[in-house]
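Following are the structures in question.
First subunit A sits with subunit B, and in the next complex the same chain sits with subunit C.
Right, the complex of A and B next:
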């Protein structure tokens, strides 16, 4: 077989190999080492220890849907656990329409921590908000105007935890987790405008946008995709779905590199006349 | 999270499993009826969820307060309804007013917080020399500085990219290609992670790995 044929392998062959290869590490874990990134360490440090005072209120924004659970949710789970264990209270908001599913998922993945907390006293789920950057800005100046009631219909002023919570000044920090740029909206409308502490739990695709913002000090920490989730799981000492998935993700990357090499060998051979 | 035991939950799980396979039948085999069916079902359900969520949102944020006596809520309601006039050609001009308001407000809000984090902080971080660290920090600092200057020069179209500008603009183009490669790599990484999630789900439903 001429090497030039390597450039013309049916893409379905690659997809089949990939789909099967991704499953193998789940059945038989390889245990690739995971090193800690400074941006993830900063995120963890920012939601633990002296950085969080008991009783202070944080906002956790879900800007991702079901499709990005594997990327964002492990990090969100660890940060929620960490904040709860430091005695912080959490306001959960959502900028993705299937926020309710993600909220239910969080209750599953942090079940033990939620069991020790009381809804309306330690945490509250305000639900979905629409309006992009405008609504994030409005949230900073008057939370109740965006959420006259919580997701379940309880009026804002009847929720004990929200008593005295009016605007950004009453919020200790924001964790924005999204597939888009809601982290950027919180950065321009909260962090830059009011100096609110802000961290981003983003998808790997947005790493090149998020990391410079962390380096410039706009985000106090950044978690990048599943990898960030696996690092956070190590830091909190409770290995979860991200750690399990990392082997599979690493295999997918190795396969991709292999495919690029094979394809290029084919193209180069073809150019050199190997197909003749 | 444990494997569900309620009948409806189990059915939901298996429906999801089959729909996933139907969608994957396109890249793994070829376009076919089952893929088309799953695709249309997905689009329909997504649109339905979006419509209901947005309707509930309007009810919660606007209609309910209006009914409770907050008469000013009539303003965003009217502005919102005005947008629908774009569906009637002879009254389309009416929709331009709420859109102009949205664009103006959005632009103003965007400007408010953009300059400091996106320009000032980013530039300061780029031009600040490392105070400590090792050789690698200085290498990174110079690498970014050269990349920044050359990339900006590449977009300076007032002068022809020849003579003294030839080399730096070529280097700038190289940096841009590397940056785009990085972006693409991150995108691929994200998609593969999503695929990994599906592979995990595939095995979990079959009870081959714990849920």
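Right, the complex of A and C next:
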């Protein structure tokens, strides 16, 4: 077979190679060591230890749907556990219409921690909000105007935990988890405007947008995709689905690079052969 | 007269709202009630636009089904699901105040939508695999640089990279933090300056692309 043919392999060959290769880590986990990124370490440090005081209220915003569970949810799980264990209270909001599914999943992945907490006292689920950056701005100036009641229909002023929680000044920090750029909206309308502590949990594709904001100090920490989740799982000492996914990511990334090399060998051979 | 409402009034409202929001953001330490009212209006208008979107969707797909245009069956499936979700959601809301309390709505969400949503994203991995093979070709120096940078960042992100050679992490970090982040920061600053210019043009009524059929 001429090496030039390597430049034009049928795409179905790649689909099958990837499919079979991804079976390997499922059947026999590899467990490559995972080193910590400074942005993930900063995120973990910001939701643990002296950075969190008992009883303070944090907002956890779900800006991702079911399709991004694999990338965002492990990090959200670890941060929720960390905040609960520090005695913080959490207001859960959502800017993605899958918010209820994600809330149910969080109850599953942090079951032991939720079991020790009381709804309405330690945490509250306000549900879905629409309105883009405007609603994020409005949330900063009057939370009850955006959410006159929680997701289950209980009026805002009848929820014990929300007594005295009016606007951004009553919120200790915001964790924004995103497939889009709600982290950017919180940065403009909360962090820049009022100095609220803000961190971002984003899909890997958002890293190029999120990391400059972390370097500039707008985000106190950033978790990037499943890798960020795996690092956080390591930090809290409870390995979960992101750590499991790391083997698949290793295999798929390695195959991707091999495919690129193969394709380029084909192209170079074609060129050397004079494009006959 | 109608032209005044279509254009001048729209520009005037945009200009006034822009000015008020700028003044509130930069000149007041505390939130102003008038600014909060405007933001609440914005949220309400946003929600109305969702409702209008649903009506437009229904109209557009109804016509496709009626005229039996190409692939009209897909429109039929969309309309059927749309009606089922709408009715079951309303039924749940009327009975308990929570739309997801309806069994059918919940079942469709948990057992159809969730697995489909969870499957859709990983499937793109297969396309990316094939697309990267075809697109990442070292045809010139620019493409080669992009290819090498991309591979280094991939090897940095995947734990296997460090397992092969520990230096991949440092190289990937260098590409990301020294090469890519300054570029993104430049882009963000330039974009922000563009946004300021856009805001001023909107304020002066010169930005006309946002109203129906508008152009400068």
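By our rule, the second predicted complex is superposed on the first by the 273 of 276 C-alpha atoms of A that agree within 3 Å, B and C clash if a C-alpha of one lies under 4 Å from a C-alpha of the other, contacts with A are read in each partner's own complex, and residues count from 1 in each chain.
Throughout what follows, contacts are C-beta pairs under 8 Å (C-beta built on N, C-alpha and C of every residue); 3 or more make two chains touch, one makes a residue touch a chain.
The shown structure was predicted, so the numbers you read here are calculated from the model rather than taken from an experiment.
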{"item": "Subunit B versus subunit C as contact partner of A:253, first or second or both or neither", "value": "both"}
{"item": "Subunit B versus subunit C as contact partner of A:69, first or second or both or neither", "value": "both"}
{"item": "Touched partner set for A:41, first subunit B, second subunit C, both or neither", "value": "neither"}
{"item": "Subunit B versus subunit C as contact partner of A:204, first or second or both or neither", "value": "both"}
{"item": "Partner chain(s) touched by A:152 [first = subunit B, second = subunit C, both, neither]", "value": "second"}
{"item": "Touched partner set for A:15, first subunit B, second subunit C, both or neither", "value": "both"}
{"item": "First, second, both or neither for A:130, with subunit B first and subunit C second", "value": "both"}
{"item": "Touched partner set for A:269, first subunit B, second subunit C, both or neither", "value": "neither"}
{"item": "Where subunit A meets both subunit C and subunit B, residue numbers", "value": "11, 15, 18-19, 67-70, 98, 129-130, 132, 134, 137, 146, 193, 204, 207-208, 212, 215-216, 225, 249, 252-253, 256"}
{"item": "Residue numbers on subunit C that touch subunit A, as the complex places them", "value": "25, 31, 35-36, 39-40, 42-43, 46-47, 50, 96-98, 100, 109-110, 113-114, 117-118, 120-122, 125-126, 128-130, 132-134, 136-139, 147, 151, 154-155, 157-163, 169, 176-177, 180-181, 184-185, 188"}
{"item": "In the complex with subunit A, residue positions of subunit B that touch it", "value": "1, 24, 27-30, 49-50, 53-54, 56-57, 60-61, 64-65, 105-106, 109-110, 112-114, 116-118, 121-122, 124-125, 179, 182-183, 186-190, 192-197, 199-200, 202-203, 208-209"}
{"item": "Parts of subunit A lying in touch with subunit B, wherever the complex brings them together", "value": "11-12, 15-16, 18-19, 22-23, 26-27, 67-71, 97-98, 108-109, 127-130, 132-134, 137, 146, 148-149, 187-189, 191-193, 203-208, 212-213, 215-218, 225-226, 241, 244-245, 248-249, 252-253, 256"}
{"item": "Subunit A residues within the subunit C interface of the complex", "value": "7, 9, 11, 14-15, 18-19, 32-35, 65-70, 98, 100-101, 129-132, 134-135, 137-138, 140-142, 145-146, 151-153, 167, 193, 204, 207-209, 211-212, 215-216, 224-225, 227, 246, 249-257, 259-260, 262-264, 267-268"}
